[in-house]
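Taking it in order: structure first as structure tokens, then the write-up.
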């Protein structure tokens, strides 16, 4: 009974949040709005990868590849097939996500028996392949990129997508599927002997992660109105990986927090550059990263969630 | 006690396996009957764990087969074998270390869930009922083994003996019919071992299961087993009741004249 | 009981979805509010005695070297103007934001410049990919943007607030194609392009179209990726095709190495490229291998023109290096912007836009610049030959 | 090699190589060797670069890796990426982002010429220097006390520690040697391809990693073979197929190889012991 009330509350809070958002999003500065949208996209990316690497324990360095697939598929549809209507946009986002998920499935099926570094290198190779293929596809602009994508992504769409993907992952984690993921991360042999089909669940995790990356890519493309293959290089995959490790592998709220922090950090460091006239923004960024890893090797939150901490005890779920 | 039913629940038929020219098992042949406790013993390197690995589907035998109720299990995936009802524990404990005790048990109830992902997303009645039932069952099972109080602890923080116990609970939770225990008494003191002895008997009687175990502690083996199978250099050299085994000259020889 | 509660949850789900759909409807309001916010910012500016101009450039990342020379040159032009007393009695102030050589960062940076720093106009970017990411934001905020060196024709097609200083690929590519076909009388050409670089892809495409149209033949097309070290495999393929000329539209950072390796492999035919070749570094890296190369450019630093000479001298004095083509374009962008501000009725975006559109016959380092109705400059290109480690003027080709 | 012993993806390795090239550049200026190409000036530059890179390797190991030795591997991976970014951006700030021209510290002479194929003094140089370094390395690893200790650490750090080996010193030493080699590579590459810039280490870093994985992690001849396969497949694809799809095809090969041989060519496949 109590959990039910909690749940109702959670939905209501989400609803109220959306209403408030719909009113304030027109009044906050476009700069902040843009950063919030970008954080939202990064949250989806980070949580998608977290599902694969943090929760199921399969190190993937190819998340940017799935993002590219989602971005290009949806942008292609928007530019050449449908146009900018909201409903078409929704369908295009989903199409982008599904295609990325499909590729995740195709890649995951044969490769997920590889372990550790070997899987990492295969996923890295895959995303580089996607990038090179896009570079050579004239129908989507090749190296010159795809411009004039309708500018559909706004704060509401992003907030909605973030909310839905977080609920999706959270609910998944609270089901036998999520528990199977965790079991695989903890011990594959024991998971098997508990009757868990590890290949099946690895593929499910990989496909869902890729799907979310595709959604994020679609939002990204319709936010920037322009994409080119170089955006989705391996550096992007590393950035996403940094987010989840910094937040604490396997922690939903940790990845979310880190995604927000890392989106705002380079911008917060801008004044420093303007004062000193020397651009050591990225030097600070990388040193902070090293210091963080040295002082908190298991990330900001470790494997815990925000609500596991005492300060947030008030919100603690029963 | 030894009234054997006509059909064996598990039949290991002419099993051989070789790793790169090294013949580890040679024509291993034995049967296990319903509700029995059978021990698999032998000196180090005799191939006991390999037999377990083949039964639980981790290795594929070079020849021979495993029959469960005359159904051939050879070449089946480990998770399917577990779903059929053969579950094992490991020599070096393999818990889901960073998860809670309760989660360890609920994960093993994997087979029991029928709702779909959508059910979880939309919080359907089926989801709620199944989850609640799984949690209730798991807690009850833990209570039987005196682990209920620690249900919400992280499992790696349990003392060693309780970790072993938890591994058994986890196996039971998965709806086991034949429980394979790989050195359950390893690292336990005398008191703990005798508690384990009772526990295994208790499990067998309450859950109506068959137990096949590997053990080095001869005192335990002699007390617990209905039947003992002795492996030596990958071959079965003896198969009989504890008293038969104790007096078997081959066995004595294999253990260099030093059985307990 | 349980069933009732689930019905309730499903209802809440529906409720939340309704709110979601409803809130989508609200997004339309967005535009008006950004308008109002800008009005207030302009009043703010009128009272100040400085004019803020923004620039978004790649100061870090793989293309930092281009961003920094552009930034240096823009600063030089502003400094010179401020010494003369500024524009309309106000000093010019440049705010340069870094974009880490990434399109998505460029979009953030220009939003910050326009909405937080309240600049009246934006300069940049060098690369077309980043300019294209910036242009829609400048356009929707009605702030003019002058791209210094983006050559993709798409850039200025994105709106009437977007201008550029450099000439576009469809002009520059054919210039060299015509020169090779008509002046050098060569019919068989190989193309070696940078597959990662939109500039290189654009130039080679338009070169190819023109050359084939003239009756020439492209006998081999190879590609590399900027930053590669070894090009021998592709060059071997080019060698076996036996071309009379190799078109290599890349940046000097790679061209020097490529030319060196080509000569080592015994390829003796001339190479040619675009304005990306223009840098003193080309000779340093490529050494003797660059001899006999041709490239199309905006200007020749060797030109006797005192205006060009004084720019080269001052730039060298201030930054210690000879300016490259990107610096020259940055400097001219500064000059064009200053001129437009001088002629603008007010500092409102639309007025500056109108003034920019009227840009005509402004003397810059890269030629006499007039904007056409597509907001692109009409200026001539020069063909330069490399002889004795120096750039030698060959001919001027006027826009046709 | 560092890779094998520490079982750690060292993405910063490529950047140490970049620093090596820049140290060579500045060393040549510092010693006034710009206009005196000779074997001896090349030697001076090479050794000073190796020396400074060794020191850098020592620092990196001390500051960033040692405290993390017991942490999860992914943490070390992220730290390596952090160091790599740090070195890149520092280099952009200190050396400037524009490419530098590596001084000619050795004359390029065509030693032998067969038709169109020429054997350049550079090639001889690269080959001989790498060969000497490899021989030295093999000697060090196989014949000396340190080498034995190193291999022991590579097998099992804990056991080596129990046996009283100074594992920390040995890991440090390994790191230093790896960094010195990277520095040497930087100078060699700078001599042959005289364009050095702060981001030149990224792609070689990734490729070296791929090569090590194909060869089988921690296997010396494997890494060499892996490197050859990566290099050759790229060159072959570029020369005979399509240079624009070069990287894609090279990576496709890589994926296929790993699917057929999940532990690389020489990697020992350890099925998990149950």
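In order of appearance the chains are A, B, C and D, and numbering begins at 1 in each one.
Note that contacts are C-beta pairs under 8 Å (C-beta built on N, C-alpha and C of every residue); 3 or more make two chains touch, one makes a residue touch a chain.
Just so it is clear, the model here is predicted, and its values are computed rather than measured.
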Checklist entry - Hey, which chain is the most central one here, using CA centres? => result A
Item to check | Contact-richer chain pair (by C-beta pairs counted) among C-D and A-B | outcome: A-B
Next on the checklist: Taking each chain's centre as the mean of its C-alpha atoms, which one ends up farthest from the centre of chain C?
Outcome noted: B
Item to check | Whole-Å gap between the CA centroids of chain B and chain C | outcome: 70
Item to check | Centre distance in Å when chain B and chain D are each reduced to the mean of their C-alpha atoms | outcome: 49
Item to check | Centroid spacing, where centroids are CA-atom means, of chain C and chain D in whole angstrom | outcome: 36
Checklist entry - How many angstrom between the C-alpha centroids of chain B and chain A? => result 41
Item to check | Contacts with two or more other chains, residues of chain C listed in rising order | outcome: 9, 13, 59-60, 195
Checklist entry - Multi-chain contacts in chain B: which residues touch at least two other chains? => result 58, 90, 123
Item to check | Residue list for chain D, restricted to those that touch at least two other chains | outcome: 89, 244, 247, 274
Item to check | Of chain C, residues touching chain D in the complex | outcome: 59-62, 64-65, 68-69, 195, 222-225, 227-230, 232-234, 236-237, 239, 253, 256-257, 260, 264-266, 281, 284-285, 321
Checklist entry - In the complex of these two chains, what residues of chain B are touching chain A? => result 56-58, 77-80, 82-83, 87-88, 90, 94-99, 103, 106-111, 113, 115, 117, 119-121, 123, 127, 131, 170-171, 174
Next on the checklist: Taking the touch rule as given, give the residues of chain A at its contact with chain D in the complex, in rising order.
Outcome noted: 53, 59, 110-111, 113-118, 120-122, 124-126, 128-129, 132-133, 135-136, 188-189, 234, 238, 241-242, 245-246, 249, 278-280, 282-283, 285-287, 289-290, 293-294, 297-298
Next on the checklist: Considering only the defined contacts, which chain C positions touch chain A in the complex?
Outcome noted: 5, 8-9, 12-13, 15-16, 19-20, 22-24, 26-27, 29-30, 33-34, 37, 59-60, 95, 97-98, 100, 102-105, 107-108, 111-112, 114-116, 128-129, 132-133, 136, 140-141, 152, 154, 158, 195-198, 200-202
Checklist entry - Once bound in the complex, which stretches of chain A touch chain B? => result 7, 167-168, 171-172, 174-177, 179-180, 182-183, 186-187, 189-198, 303
